[in-house]
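Heads up, the next two complexes both have chain A, just with different partners, chain B and then chain C.
So, the complex of A and B:
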C-alpha cells in the first residue's frame, strides 16, 4: 500500500522543482507587484500610481518609440530575413555549409555591451566609421548625428536591430521553408501559377506557424529593449536627445533606480504588460486559422 | 533559360556574400580596433589592417578593471546557471513524459502560460523580494530566471517524449528505481535537448546585461558586461581598451559555437522553435 502511494506521488516529485521555484520567484512577485502598484510610499491604498503613469507623457513617448521600433522590425527586419531565407532555399544555391548558419547566428549571441562598444564607434559623429565611409564616397557633405539627432535615433537603432536579428530570423524562416514539400510548388506550376502566385498562395500560408512565432518574438523584443540603448547613449536626464531613444523598460528602470519611485514603477510594469498582451492578442487574431 | 539560371546563381551568391560580410564586419572591426593605436583609430577608422600593432589596450584593460576576476565571475555564474537549468529541465521533462498522472495536461499548460507573463511586470517586485531576502549583491538573482524558463522544459519534453517506453519497462524489470532510470536511460538518450538547453543558458547568462546591472554593486563581484560598461564610461575618448575587453569577452561564445558543432546545434535549436 505504501509503495503504491509512493508510485502515485513520484511524477509530482519530479515536476515539483519548477513549480516550487516558480511560485517563489515568479508568481509571488507578480502578485506582490500588483499590490505594490496600488500603494503609496506609506503603504496606503491608492490609485494615483496608475493615474500618474497614464498622464505621463514621457511614458507614452517610450511606448510609442517601442511601437515604432516594433513596426520597423516587423516590416523591415523580417522581410529582409524572409528574402534571405528564400534565396538560401532556392535551387540556385545548392548545398550551404554550416558555417553560413553559424555566422547568421553569431550576432544573436553577442552581448549587448559588445554591440554598444562597437556600434558607438560605427555611429559616432566625429571620425565615426559610417560617417567616414559615407564622406569618402561623397554621399554626404557633413557628418550625420546618428545617435544625437532625434530624427536619426530610430533608424540607427533599427540598423543595429537588423544586424543583430536578421540572420537568426532568416534561419527560422529557412527551417520553415525546408518543411514545405517540393511537390506543392510543382503542382502549382503545373496548374500554371507563376512564381509570385506560388509564393503568395502556397509558400506564405505554409510559413504561418513559424511566422507567428517570429512576429511574437519581434513584438516582445521591441518592448523589452534595454541594453542596446543604454550602452549607446549614456543617459543624463533624457535618453537620446528629446527622449528619442527612451524605451519602456529603460524608463521603468530609471523611475525605479534613479528616481526611487518603486510604486509608480510597479504600476508602469503592469501597464506595459497589459499593452503588450493587447498587441500580442491582436497578432494572434490576425494570424488565426481562417477556416 | 540556362543563361538566366546562371545569372541568378551569381546574383544570389553575391547577395549572400554581402550579407555574410555585413554580419562579420563589426567583429573584424572590433578585432582590428583592439590592436590599433588611438591615433590611427581616429585618423583612419576604415583601415582594417593596423599599420602599427599595439598591445597597449590590453594593458590598459587589465589595469583599469579586475578583468580576470570579472571574467571568472561571469564564467562561474553562467556555468552554475547552465548546470542547474539542465538538471531542473531534465527532471521536469522526465516527470511529464515518463508518467501519466492526474492533472498532467493542466500542469503543462500552466508551465507554458508562464511564458505569457511579460518579464517587465516582475522587475520591481522581484527586486524588492531579493532585497528582503538579503540576496541583493549575490549571484542568486542572476541564476534563478533561467531555472524557471518554460521554453527549456517544453523543448526537452518534445525530445524525451520520443524515448521508446519499452526501454523504461525493461529497466524496471531489471530492478532500476526511477532515479536510476532517469540518470541512466532518460538523460543519455536526450543529451541533444539537454545539451542545447545548457549551451543556450550558458550563453544567455554570459551575455546577460540587465540583471547584473540591477543586482551587483561591487566591482570585484561584477560580471563581465557590467565591468565593460564601467570601462566604457571611464573612457569617453579612447575606445581601445573597451574594444579589447569586448573581444576577449566574445571568445567563450565563439569557442562554444565552433566546438559544439555549428550544424548540430543550430538545427536542434530550430527544431525546438518550429514546434513552439
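So, the complex of A and C:
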C-alpha cells in the first residue's frame, strides 16, 4: 500500500473501534427496534403499536410522573446542588472543600440497589427511620405511608433523587463557578453590587453553559428513572398506588418482559425518545445564547 | 503536592466505589459434573444473578458442550439437582450436568430474550416457578417442549396428583413436572385455643368468630401482609378462594371475580383495621409478634411450615396443623400455593429421551422424592413417595404432617393459570391503598380489575 493511502486510512482505522461497536450495540438495536415497533406479532407492517401507545392512559400517567419528577429535579435538586457548590466555592471552606466534595460525590457512586434498599428502610411505615423521627418529634400522630400513599410517593422519590444527585450536580456547578474569572466579581463589587446582585447578574449568567448540561441530564435522568423505583417496590408487581411510581422506562420494561408486548414496548421507546427530544429542544431554546 | 492530593482523592473515590457498589453477590454459580468446589459454591450461595455468574456459567457450559444445562432459581432446588444429577450419573456415567442458579426474575427475563432471539443460549432443562409460567403462556413466548407424549407413555397422570401436573398446562398440553404438593393447611396454637376455650375453626365464619374472641384477649387471629402497603397480598388471599373453587383465575383461564373474592378481601381489610389480624409490611416484623404468643393461626404451605420452627423455636409443641377453614360448604379442607415445575426447553439440542429420563428420575422416582423431602422439605406430589414422607414432627406436637397431607392430597385444588395474572396483581396492588382507605368500594375495585384484564386481552 502506498504511504499516501496508508496515511489517509490511518485516522479512520484509529477511530473505527468506536464506530464498529456503536454500529453493533447502538445503531443496529435502534434500527431493529424501530422495525419492531412497526410490526405486529406476525411480523406484518402496522401502525397500531403507536396508536395503542398514544391511546394508553397508563403511558401518559408514566410520562406525567416523569414530568413531575423532572420539575422536581430542576427546581429542588439543582438549587440544592447550586447552594452546596456556592458553599464549597466560598473562601470559608478553604482546604476542607476537597473532602466535602468527596463526601458529596459518594451517593453518586453508590449502587442504586443499595440506595433503594436503604431508603425503603428509611421510608417504611413500621419502625421506618423517617416515621420514627417524625413521631418522636410529635410532628405526626400516625405513621405516613410514604410509598403507598399516592400523595407521598413522588416526594419520597424526589427525596432519594435529591440525596443521590445533589452531590454530583454540585461538583458540576463547582467546576462552573471555578471557571468564572474573579475579576468580574471584583469589578461588580467596585461598582457597588451586593452579594445578591453579583450572584444574579454575574455568577448565574456565566453558569449557563454548565447549567445547560446539568438540566439536560436532569431531564433525561427523570425519564430514564428505573432502578430506584424497582427496588422500592421490590416485588415488581406494583408501581405504587394509582400508578404513582410508574415511570416510562419501567412501563416499557413491564410491557416487554411482564406482558410480552415487545412490539408495543419498542413503539413506546420511540415515543419516549421523541418526547425527550421535544423537551430537550425546548430546553436548549430556553438556554440559547441570546447574544 | 496537587498531584498527590488528586491521587489521594481518586484513590478514596475508587475505594468507596468498590465498597459501595460491591454489595452484590460475587462468584460464579455454575456447577458441572464433578467440580466439587463449584458445587459447594451453589450450596453456599443464595439467589443471585449478574454478569459474573453469567460469565462463569457460560464458561462452565462451554467446558463441555454435551453437558445438560439446568437453570434453577432457588438454592435448595439447585442443591437437589446437584445431588440427583450425581445419582443419575451412577447409572449414566456418560452424561454431564451443568446447574446454573440465578434470580427468578433474571431467569424469566433471560428466557424471554432467548425466545425473541431464536433460542440461542437456551438451557436444556428449566426449573420454572409456577408464578413465572404464565409469562410464557402465549404461542410466541412458550419456550418449553410439550411433554404430553412422554407423560402419556409413562402414565405420569396416575403417578402424580393431577392438579399439580395441570399447573403447568397450557392449551391442552403439559409442560412441566412439579416438585412439590404445596398443600396449604392451617397451623394453630392448640394451647391458646384451649386456654381461651375457643373451638378450632372449620369454616370461615367460625374463623372470624374466633378472631373476635381472641381480640378480647389481645391476641391476633393471624399475622398477614398489610393490605394498604405495596404487597402481593392478593396472592395470599387466593389460598382460601382456590379451596372454594372461587379463584380469580377461573377454570377456563378467564377472570372470575366472585362474591367470595369480594368477601375475603373485605374481611381481611376489616380484620386488619379492627386489630384482629396483625398487619406487617415485611415478614420480619411478624416474628416478634409470634414470639409474644400474640398469633393464634397461620395458613401455611408445606414449604413454609418450617418457618415457624425456624423463627419461633421456643413454641415447639404448641402448634398443630388442621385443615383450612372452609369458605363455602363445598370448599376443600386444603388449598395450594406455590410450586415449581421442571420443564424441557423447546430449543434444546440434546437427546430429548435422555432429558425426559432424567426428569422422571428427578421428579417421579420414589426414592429420590423421599430424599428430596428429607433434604429440602418439599412434600412430594408423587403418590408412591407419600407414605415414606410421613412421621411425627416434633415441632407440631409430634403430629404426622405427612399423613395429613397424604389424606388431603386428592382434595388439592387446581391452581389455575392465566397470562394476565401479572396485570391483575399489579392493578390490585395499585388500588389496594384506596380500597383500604375507603376511597373506592370493592365493586369499583372489581370494575377496575375487569377493565385492566380486558385491556390486556385486547392488547394481545
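Quick note on the criterion: the second predicted complex is superposed on the first by the 285 of 291 C-alpha atoms of A that agree within 3 Å, B and C clash if a C-alpha of one lies under 4 Å from a C-alpha of the other, contacts with A are read in each partner's own complex, and residues count from 1 in each chain.
Just so we're on the same page, a residue touches a chain if its C-beta (ideal position, glycine included) is under 8 Å from a C-beta of that chain, and two chains touch if they have at least 3 such contacts.
Model, not experiment: these values are computed from the prediction.
Asks: Give one of first, second, both or neither to describe whether A:239 is in contact with chain B, with chain C, with both, or with none.
Replies: second
Asks: What's your read, chain B or chain C touching more residues of chain A?
Replies: The larger set of chain A residues in touch belongs to B.
Asks: Taking the superposition on A as described, I'd like to know which of chain B and chain C A:149 touches: first, second, both or neither.
Replies: So A:149 only meets chain C here.
Asks: Does the superposition put A:111 against chain B (first), chain C (second), both, or neither?
Replies: Both: A:111 reaches chain B and chain C.
Asks: Touching A:177 in the superposition: chain B (first), chain C (second), both, neither?
Replies: In the superposition, A:177 contacts neither chain B nor chain C.
Asks: Quick one: classify A:220 as touching chain B (first), chain C (second), both or neither.
Replies: first
Asks: Could you look at A:231 and tell me whether it touches chain B, chain C, both or neither (first, second, both, neither)?
Replies: first
Asks: Based on the superposed arrangement, let me know which partner A:98 touches: chain B (first), chain C (second), both, or neither?
Replies: both
Asks: Should A:125 be classified as contacting the first partner (chain B), the second (chain C), both, or neither?
Replies: second
Asks: Give one of first, second, both or neither to describe whether A:77 is in contact with chain B, with chain C, with both, or with none.
Replies: Neither partner.
Asks: What part of chain A is shared between its chain B contacts and its chain C contacts?
Replies: 98, 102, 105-106, 109-111, 113-114, 127, 234, 256-257, 262
Asks: Under the definition above, what is the set of chain B residues touching chain A in their complex?
Replies: Those residues of chain B that touch chain A are 5, 8-9, 12-13, 15-16, 19-20, 22-24, 26-27, 29-30, 33, 41-43, 45-46, 88, 91-92, 94-96, 98-99, 101, 104, 107, 111, 114, 116-129, 144-145, 147-148, 153, 178, 182, 203, 206-207, 209-210, 214, 224-225, 228-229, 232-233, 239, 242-243, 245-246, 249-250, 253-254, 257-258, 261-263, 266, 270-271, 273-274, 276.
Asks: Applying the document's contact rule, which stretches of chain C touch chain A when the two form their complex?
Replies: 5, 9, 12-13, 16-17, 20-21, 23-24, 105, 108-109, 112, 116, 135, 138, 140-141, 226, 228-232, 280-282, 285, 419, 422-423, 425-426, 429-434, 456, 459
Asks: So in the complex, which bits of chain A are touching chain C?
Replies: Within the complex, chain A touches chain C at residues 41, 52, 98, 102, 105-106, 109-111, 113-114, 124-127, 145, 147-150, 233-243, 254, 256-262, 264.
Asks: For chain A, which residues count as touching chain B in their complex?
Replies: Checking each residue of chain A against chain B gives 8, 10-15, 17-19, 21-22, 25-26, 28-30, 32-33, 36, 84, 87-88, 90, 92-93, 98-107, 109-122, 127-129, 132-133, 136, 163, 166-167, 171-172, 175-176, 179, 209-210, 213, 220, 223-224, 226-227, 230-231, 234, 248-249, 252-253, 256-257, 262, 265-266, 269-270, 272-273, 276-277, 280.
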